[in-house]
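First, the structure itself, so that you have it in front of you.
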Amino acid sequence: MRYVDDKAVDLKIAYIGGGSKEWARKLMSDLALEESLEGTVYLYDIDVESARLNEAIGNKLNSQWKYKCVLSIEEALKDADFVVISILPGTFNEMMSDVHAPEKYGIYQSVGDTTGPGGLFRALRTIPIYVDFANKIKEYCPNAWVINYTNPMALCVRTLYETFPDIKAFGCCHEVFSTQSLITKALKEMEGIECKRDDIYTNVLGINHFTWITKAHYKEIDLFPVYMKFVEKHKDDGYEDRGDWQDSYFNSANLVKFDLFDKYGFIAAAGDRHLAEFTPKDYLKDPETVEKWKFHLTPVSWRIKNRENLIEKSRRIAKGEEEFKAVPSGEEGVKQIKALLGLGDLITNVNIPNRGQIGNVDFNTVVETNSLFTKDGVYPIFAGNIPDRVKLLMGPHILNQKMIFEAAVKKDKDLALQAMLNDPIVNLTYEDGKKLFDEMMDNTREYLKDWH
Amino acid sequence: MRYVDDKAVDLKIAYIGGGSKEWARKLMSDLALEESLEGTVYLYDIDVESARLNEAIGNKLNSQWKYKCVLSIEEALKDADFVVISILPGTFNEMMSDVHAPEKYGIYQSVGDTTGPGGLFRALRTIPIYVDFANKIKEYCPNAWVINYTNPMALCVRTLYETFPDIKAFGCCHEVFSTQSLITKALKEMEGIECKRDDIYTNVLGINHFTWITKAHYKEIDLFPVYMKFVEKHKDDGYEDRGDWQDSYFNSANLVKFDLFDKYGFIAAAGDRHLAEFTPKDYLKDPETVEKWKFHLTPVSWRIKNRENLIEKSRRIAKGEEEFKAVPSGEEGVKQIKALLGLGDLITNVNIPNRGQIGNVDFNTVVETNSLFTKDGVYPIFAGNIPDRVKLLMGPHILNQKMIFEAAVKKDKDLALQAMLNDPIVNLTYEDGKKLFDEMMDNTREYLKDWH
Amino acid sequence: MRYVDDKAVDLKIAYIGGGSKEWARKLMSDLALEESLEGTVYLYDIDVESARLNEAIGNKLNSQWKYKCVLSIEEALKDADFVVISILPGTFNEMMSDVHAPEKYGIYQSVGDTTGPGGLFRALRTIPIYVDFANKIKEYCPNAWVINYTNPMALCVRTLYETFPDIKAFGCCHEVFSTQSLITKALKEMEGIECKRDDIYTNVLGINHFTWITKAHYKEIDLFPVYMKFVEKHKDDGYEDRGDWQDSYFNSANLVKFDLFDKYGFIAAAGDRHLAEFTPKDYLKDPETVEKWKFHLTPVSWRIKNRENLIEKSRRIAKGEEEFKAVPSGEEGVKQIKALLGLGDLITNVNIPNRGQIGNVDFNTVVETNSLFTKDGVYPIFAGNIPDRVKLLMGPHILNQKMIFEAAVKKDKDLALQAMLNDPIVNLTYEDGKKLFDEMMDNTREYLKDWH
Amino acid sequence: MRYVDDKAVDLKIAYIGGGSKEWARKLMSDLALEESLEGTVYLYDIDVESARLNEAIGNKLNSQWKYKCVLSIEEALKDADFVVISILPGTFNEMMSDVHAPEKYGIYQSVGDTTGPGGLFRALRTIPIYVDFANKIKEYCPNAWVINYTNPMALCVRTLYETFPDIKAFGCCHEVFSTQSLITKALKEMEGIECKRDDIYTNVLGINHFTWITKAHYKEIDLFPVYMKFVEKHKDDGYEDRGDWQDSYFNSANLVKFDLFDKYGFIAAAGDRHLAEFTPKDYLKDPETVEKWKFHLTPVSWRIKNRENLIEKSRRIAKGEEEFKAVPSGEEGVKQIKALLGLGDLITNVNIPNRGQIGNVDFNTVVETNSLFTKDGVYPIFAGNIPDRVKLLMGPHILNQKMIFEAAVKKDKDLALQAMLNDPIVNLTYEDGKKLFDEMMDNTREYLKDWH
């Protein structure tokens, strides 16, 4: 890598999980649109065919970026300047177990990739893979910046740091962005003031998918009273900021978010599907309750079908049957890369180990707060304490983050089971819990071979 | 106070709650039997008649101790060398609400004085009283050693320290002693070796009523394998160390304790009634489950009746109709007093704020571990970390300890409600939880006047 | 205070020490030049005449700001939005003792207001005054932002927070700015690239007047190799960035700074006069050594004379005999005020209690790092650890910060003496140290009345 | 190892440095006198001849212990139950440099093995050896208890734990014992009460050779007022508790200790020779000052001569020309071994990493406080905070402990030099310091080969 006239050229980005569908196209778009960066993206995926498709798609864009599919992770990582990781740990078969196996025990998960039995098993599959990633990064590109998009976010990032403490890694998630957008809509609706989400400042703190905004302002305007009026107005029927809530499994009417604001006084900054999993007693009792709160349980069957569509689309683009044009994705990965190269500072929310940026959470817990991105530096910005009552909700998950990591590394079934029972979404006796646990172990044994 | 020939004489002990029945007689007995101590016990109680009865009873013992009922707490505390506190916060009416109000919501509490909705409301009543005690102690006897026997133990002790950080206070509880006795019985039964509980050393750590033993030995003998064999033998039918488990609400067959050992590998060191409240899903699902595990829900109606018997007994003793003879109580308060006076060092378990004696619990949390008692000093002994999976169980209660204290001091209903919902014994939606909470508030409003 | 069209109007600033000379004129200038702010500055000073002069001068500027001299601090503080504090604790008589009394013991201080016997005694006089300020702020304007300019900076800020923990205070110092300017000059000289100090990003950490830069970049350019070449070139003869080093007591040839870079590998970010006091053995052995390193001992006699000139100038301006025109001062106070009002975020270095922004310094120590200034918030930015060997130099001063505060509050002569002996600039036996200490106590007894 | 009738038999003790003279004979004596222990001591030393001599001497005792000289450390360690380490890092030639090289720079060290340039260089030689010991212990006897007697104590123990965090190690030093004896003498002289040092309880805290007693009592008697009277009486002429202070380089008149009590209010619990090195300005200015304070600089020439005498004595004993009878040594190693085997609990002072036993010292710093020794456990006892002003004196040494360890492991000359300059005994400019440092490096290059 070198600089030419305030541009960074000859960059090498290693994309692990480079066969991904939507994420890859977003990155390609954002890279193509950023004129100050130039280089090659090395696509590595265990699904080689998908990586090859992306190679073709990427190069079709005819941008200042080249795409190259490689067959070994080492080749991708060797001397990379940046590493982007976005993988699916296991297949949809395993995800089927993650999300749906607990249902017959009365446990309904709206996503199943972060917490609950689903998040747990996904973590048990993912952590050993990330231990391996961290070791390879240490060997092949110890100075690279590593950007993680895989869930469970907090545990992926934690694993990277626990394995290679000097790693320069962070995790990105757009859930906070949507909430920021929602706040700008509130400002528009209640005060008639228009602005973009980048124009407002929010103090963000929590753990991924259970992040909270404790202060927000647009210029001199405190956005909390504005949001409060907005919630008052919409808390009965909801507010559908992305179209009819029934149109997509990913849509909601923000009723969970509004209810949490009402009860806790702070703005929960993630989609209702994620938030509900951290506060399951109220919103995930059964499918009827979910419907009442106007959000969805996301069936894995839908994901399977959707994936087929996405593959089909990729093929069409690669063959030139469908056009692929670079449009801004709304993600911030490329802005972060730019900032880390010294080409423009940026403050945004990321997931990194706590060094004190949250006052009342143990060090090393991976937390989400704002950070300053500047040349070769991600400096967390002190965000204060988690509000007391929110801390009560977050407590078990913070403990679980540590325990699940330990259970995965030691292959400790008992500890993993205890972590599952500790999750508020799991209201089972030890015996029933053990049955569910063993079933899920069995369902996903392909990816948990060394546990047996 | 002064020393004469290795005896401490002219001691002044302030007994707050000096009208108590059983506890008072135990203290009187132990004091009478300890020849190196001599002085006056000032009995203060809002129930003056009971304090007067105890004055009469104490003086009847004709020991080296005088008993004096006083009408103001100031008179009791003024220049006291020791303060003993053992009160009932509220009456049995309030306890009726604590224990039984939650039952119609499917929440069964075997004791209801430590955790759960019962423990919470008891704490909300108790904490302001203890704030007052701490302030009075600061004013009238800042150098006194304060021994607390009231529940909820951890919150009482925490309140004393939060209010008057330089207080010299600790909390005593005999639950660990019973478990130590049980271990000696295991040693007798499995190895034929006889010893007393004082002869074994146990490393104790946790929070009151959820304390665990992580190491135990008698001389060179590791007692864990011994206990394991004992549990193997009795875990199906139980072991009734204090008579038929059905004979008393306080008896059990230790089945909860044995099951916890089986699942966690460490010795839970409290009675099954207490332990079950920290692990409610398995043992407190409903009254049938409780019966299956061979322990009891303790009805408050029984406590009321029992109290009448105790009062009757006190009256008979005071009138000389029944003899009262000093016999060792099994409690350690008097030994501790002796040690603090420099008359013999002692290592035993107590409840004091964490200063690092438990490695993985926040400072200031009131925890239970061993301490060295020596002249004018209680030095906690480092006990290591709470084992990971036990930490998962203890986590919500550690957080709650902090939050309940704050809620009580700030009269913050929301926070108190959140703490209640955070308790694993409470499996309710926010709405149902709020209903229960409001009911209990209303039931006990007499003692929560300034909350309204 | 209210907002009108993105302007903040009706602001109330309380200026404690409002009779100051240079500082007041700088603030007046910067306020006059900032169009988005408007209001009244309340000038309070025990030297009423000086405050009155400033009132006249300020109002002569004919800006959007009014100046009002008030006779009581309460009137100044009452409902203020901002409080600016810049006082001289004691008179130049006391400063004479601070700086020169130690000289006969072979202790030479180039400034004498931060560390060493001079800094200590200045602190002992200042801390009680700041305890009083903090209490008054708590009473009259608890929500005001408080900006401190008085030295010893760290102890002033610490006192504010120790006395009123919820205070919103920070301390500003321009020493880092000068070093940033020096770095831009290095960039110009070595690479031919021109930029302003605001254009570079420096990671700043340390304690006031002993702050270090551990990373610096301009766009993509790492400034450390640039600075290294610059130091190589100038380390023998020095670099006089503010004119001939002999022309002013405040000038230097940066030789101390260059030498520290050579020895420690990081950029010491304060003037040589301050840096030398933290590394006295090498640079402050005797006046000859000081001269060799091309900086100055600042005699108080000069300060006295200079003050007369400043007063004269104030009088002339007030009378209209000399023009006073607003020119940018180079200070950042007004930018910070703007940011805190939500009118433009800012990242800059400030002095606030450590909440983790420096990893290897105790919490509550007042440290200097970058912070994000945004609406009603100063969020420290994590700066990493003090480099090991720099930590060795800083260690005694970090301890002293805590001890001097305690000594001042408790009026504990022994502790104050020990703190003095602990300072590396003091190479005296206990007996000699005590003699010096007693002398300085006596010299400044007027301002330490309650110590006797 | 196994137990027979409350005796531990077939014990294996590895003695690293098993050719030592006095220490070996003390251990042999104490082992012979302890009837409940029985086994074999494996003597390993790079000086094989000395180890062989000790083998002969040990076996001559005809006790229940066998002594066996082995030629490899692995053979000694393999499955050992206990490891005792007492080595001389380097020879007296290196010690000559440690102690005397600094003298021409005006630095006088009374011992030169703990702090100062001497302690530093001794540490630089020792730490790599201890890294190796720790790794070998991890491999050959990870469950053994390791008892260290080598200086610099704190750094030896720190190295063991930093290298093998699960090691069960502690360091023993008798300096505190002597102070306890001195206190009993004070009690005898001032109050006529006779007791042994085991009968008094002292709260001990600090770092090795700079340990302090903050509380002391014998039964109900507070020993501080007693000691104060004693100090008053003897502080002018001294108190020679071990014979005329001029008779031995190890004797003193305790004047330093008394003076420190006078100035700080706590009892410094080490010999004057050690204490002076931590407070050098007052007591180690020059040889005349040392004489005035009635203690000694210990010349290495004397150590060389003494060593010859000791070897001669060993030879005579081995040949049977001189009798060797087991008498109690006053050391506690054997009592500690017994306690760790479950044969009798013990509370005594040891050097282990801080886990909170001292409140105001960073975790991991090796500190000296009381601990409870029980079966397979050393549990530190909370000792409170280092008193403020003592902390000021201890601060640089606590920082140095960390830095010297890092410097030794990284072979970082600059950091080692900075640590040396940071020591209050070193009052040199950087340049002079560097000259001394380089000289000492050169003098001891034989043992610092990989630094060059």
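Points to keep in mind about this one:
Labels for the chains are A, B, C and D, by order of writing; each one numbers its residues from 1.
Convention: a residue touches a chain if its C-beta (ideal position, glycine included) is under 8 Å from a C-beta of that chain, and two chains touch if they have at least 3 such contacts.
Just so you know, these numbers come straight off a predicted model, no measurement behind them.
Common neighbours of subunit A and subunit C under the contact rule above are absent. Think of each touching pair as a link: the shortest run of links from subunit A to subunit D has 2 of them.
Seen from the C-alpha centroid of subunit B, the farthest chain centroid is that of C. The mean-CA centres of subunit B and subunit C are about 54 angstrom from one another, to the nearest whole unit. Subunit A and subunit B have CA centres that are 46 Å apart. Among the residues of subunit D, none is found touching two or more other chains. Chain contact summary for the complex, subunit C toward subunit D: residues 263, 281-282, 285, 388-389, 391-393, 395-396, 399-400, 403, 406, 414-415, 418-419, 421-422, 427-431. Across the interface of their complex, subunit C is touched by residues 3, 6, 8, 201, 203, 215, 217, 219-222, 341-343, 345, 347, 355-357, 359, 370, 372, 374-377, 379-383 of subunit A.
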